[in-house]
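In the two complexes below, chain A is the common chain; its partner is chain B in one and chain C in the other.
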Partner chain A sequence: MSRWLVLFGKEWMEMTRSYKLLWVPLVFILFGAMQPVTTYFLPDILANAGNLPEGAVISIPLPTAEEVMAKTLEQFGTIGLLVIALSVMGAISAERTSGVTAIVLVKPISHLAYVSAKWAAMLALILIAFAGGFCAAWYYTAALFQGVAWQSSLIAYLLFALWLGFVGSLTLLFSALLRSGAAAAACALGIAAVLAVTASVFPKALAASPGMLPKAASAQFMDAASASHPWLAAAAALLVMAAVLAIAAWAVRRRPTLEA
Partner chain B sequence: MELTTSQMMTILLPIALIQLALTITALIVCARAEETRGPKWMWVLIILLVNIFGAVLFFIFGRKQA
Partner chain C sequence: MAMQNEAVLATVEGISRSFGGTQAVKDISFTLGEGRCTALLGPNGAGKTTTIRMLTGLLVPTAGHIRFRGLKPGADQRAYIGYLPQIPAFHGWMTGAEFLRYAAGLCGIPKREAASRSAELLERVGIGGAGKRRIGGYSGGMKQRLGLAQALIHKPQLLILDEPVSALDPIGRREVMELLGELKRETTILFSTHVLHDAEELCDDVVIMRSGRVAVSGALNDIREGNREPVLLLGVEDTREAREKLGEWLTGLSDACVVAVEHSPGSSSARLYVRNLDEARRYVLRQLNERRLPVTKLEIGYTTLEDLFMKAVGQA
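Moving on, here comes the complex of A and B:
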């Protein structure tokens, strides 16, 4: 365990030195805060945008607080995923290229410990960043629209954080399997997109698909009844994450350096 | 919307400050880096001109691994 903590400390230091611990949460907070604010000022923004004939009347119904929160989650589902995939993509492939992996694994450390320390650090980063963004969105929604019940918000946070962690784990896996970081990010985002789309097209058949998670998270704000079984999808996501760790550890064992 | 200017400020100021913090850190990191991927002046322009994503782009692609 103490060895694992050393590895975790190394990952943490890497995240501080590369400023990930700073900019990822800041970006999440910015987007979380901006979504309610732009929604609130949308009529003003449209009115000032020009190109409208004199006397045109724009009437946009003010969305409810719940709709704003659901919309914010949608925002995190695109930009948030992109940011996470891009910041995780080099986790293993870059260290393999630079030879750090080989140096670390000279020590008596299991491959699984090496991968899982990375995974835990990534998960901590995601939880912190998304908590910041989610709180900012929650705060601004409460200030500009109306408060949202914290119980459903907490469940939505956990479900969506699991989805973000799931996609982050996929990125980590492809980072271990593939040579290029960009390809790893692209593969993970592609799979995430396919899962989310298929889950929204066949919600009944794919109730246990992790792709249900973002939908289930927004459904917490709309009507909790429609998301009756997000727990199956959550369990499936956790299982896949465990499998991803095992496969990534195997991939690192098989090819610790580029030359080998 | 019926908001006074000071109310507007209290809403928008935190967002502006966070964005400013992001931009300034990116600029400092860029200035202190020994080498960046691509010319430094290009990154300074990207950080300053591309809203929010400029700093993100620099942090992801601009830094050279030590």
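Moving on, here comes the complex of A and C:
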């Protein structure tokens, strides 16, 4: 356990020194705050854009607070995922390419500990960044529109954080399997997109797909009835994450360094 | 100095390793005696690094196995090994001292001890002053030293060093060689090199590799003794006449005491492997006199380890 903490401590220190712990949450907060603010001021923004003919009347129905929150989650589903994939993509492959694994993995540590420490650090980063973004969205929605019930918000937060963590785990897996970090990010984002699309096309058949998670999170702000069984998808996501850890540890053990 | 009955720390039994279609290491075997310093010697591309990586567990042999004393075959040997890669890489954002404490933590050394050991090792490898600087700003030689320090952090039973001095400047080389000389008294060392001189200076045993196989292995003294051949080195004036005369004499040479002649046509020097040095000396001197060869150099002695090394790794 103490060795795991050493590994985790190194990951944490690296996130601090590389300012990852600063810029990832900042991006999330920025996008979280922007969505309600731009939605609220959209008519003014359009009016001031200047390229509208004189006398044009803009009439945009003001969305409800719930709709704004759901829309914000959509933003996190694209830009948030991209930021996470980019910040995790080199976690293992970059260390392998640089050659530092030839030193670290010769020390008597378990390969699972090496991978899971990275995974835990990534999860911590996601939880912190998304909490910042979500709170910013929640605050501005409450200030400009209306308060949103905190119970459903909390569930939405957890479900969507799980989705982010799921995609982050996939990135980590591909970082262990592939040489290139960019390829790892692309693979993980590709799978996430396929899962999300298939889940929204076949919601019944794929009720247990982790791709249901972002939809289920948004649904917390809509009719509660439509989000019947997010727990199945959540359980599936957790299961896949556990498998991802095992496979990544196996990949690291099998190929600790690039053979040159 | 007889060390035959001493304990064997590790045994390499017929290991092979192939990458794709090419076999980098082919069925090699040797043992590492406890407290001995062994050099893995060979030209570039002989399979030294591959062999070393299999010993550290970073590579799995495609055939054969490695046994460590007190460990089941296939058990995790990493706790007993300290390893310096050929080109050590670190986290550039850490300081040297931080990296050593990190390495100590990975070996399960408690925090306080890790800190004192790190400081001590930084001093010992000669970069005490740079401990608080980021590794990103280190020179190649400093990284090599830091790599050595991290390999020593848990007082390993077996220290494995891949080309520890090849990348260093002459002064750094000397310092690290002296440090290795000290370490030799504390632990078992295996290091690879393509420089015979380094091996001769430090080692008790050598394993000479050539294209993936062991060409010669054993205790350095035994090898030196066992392969000592009397040899005469002969040089004549570098004129056409003298060279022709030398060639003539050598082709017509037939005496029981000369075993073999090494002479490339048209060259002004030759090497004669002989059976009995005394006899050969008398014979050759007489012949040189009779034939009035303009000798510039005549060296009478024994083959060196260098000759053996060149013979073992040469293409012949």
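In this section, the second predicted complex is superposed on the first by the 259 of 260 C-alpha atoms of A that agree within 3 Å, B and C clash if a C-alpha of one lies under 4 Å from a C-alpha of the other, contacts with A are read in each partner's own complex, and residues count from 1 in each chain.
One rule holds in what follows: a contact is a pair of C-beta atoms (placed from the backbone, for glycine too) under 8 Å apart; a residue touches a chain by one contact, two chains touch by 3 or more.
These figures come from a predicted structure and were not determined experimentally.
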Partner chain(s) touched by A:Arg3 [first = chain B, second = chain C, both, neither]: second
Which of chain B and chain C A:Ala208 touches, first, second, both or neither: neither
Chain B versus chain C as contact partner of A:Leu46, first or second or both or neither: neither
Which of chain B and chain C A:Ile247 touches, first, second, both or neither: neither
Which superposed partner A:Leu127 touches (first chain B, second chain C, both, neither): neither
Touched partner set for A:Ser98, first chain B, second chain C, both or neither: both
Partner chain in contact with A:Thr257 - chain B first, chain C second, else both or neither: second
Contacts of A:Leu158 with chain B and chain C, given as first, second, both or neither: neither
First, second, both or neither for A:Val106, with chain B first and chain C second: second
Residues of chain A at both interfaces, chain B in one complex, chain C in the other: 17-18, 98
Chain A partner contacts - residues on chain B that touch it in the complex: 1, 11-12, 14-15, 18-19, 21-22, 25-26, 29, 52, 55-56, 59-60, 63, 65-66
Residues of chain A defined as touching chain B within the complex: 17-20, 22-23, 26-27, 29-30, 33-34, 37, 40-41, 43-44, 83, 86-87, 94, 98, 140, 143-144
Chain C partner contacts - residues on chain A that touch it in the complex: 2-3, 6-7, 9-10, 13-14, 17-18, 98-100, 102-109, 256-257, 259
Chain A partner contacts - residues on chain C that touch it in the complex: 19, 53, 56-59, 76, 78-79, 81, 83, 85, 87-91, 93-94, 98, 102-103, 105-108, 110, 147, 150, 154
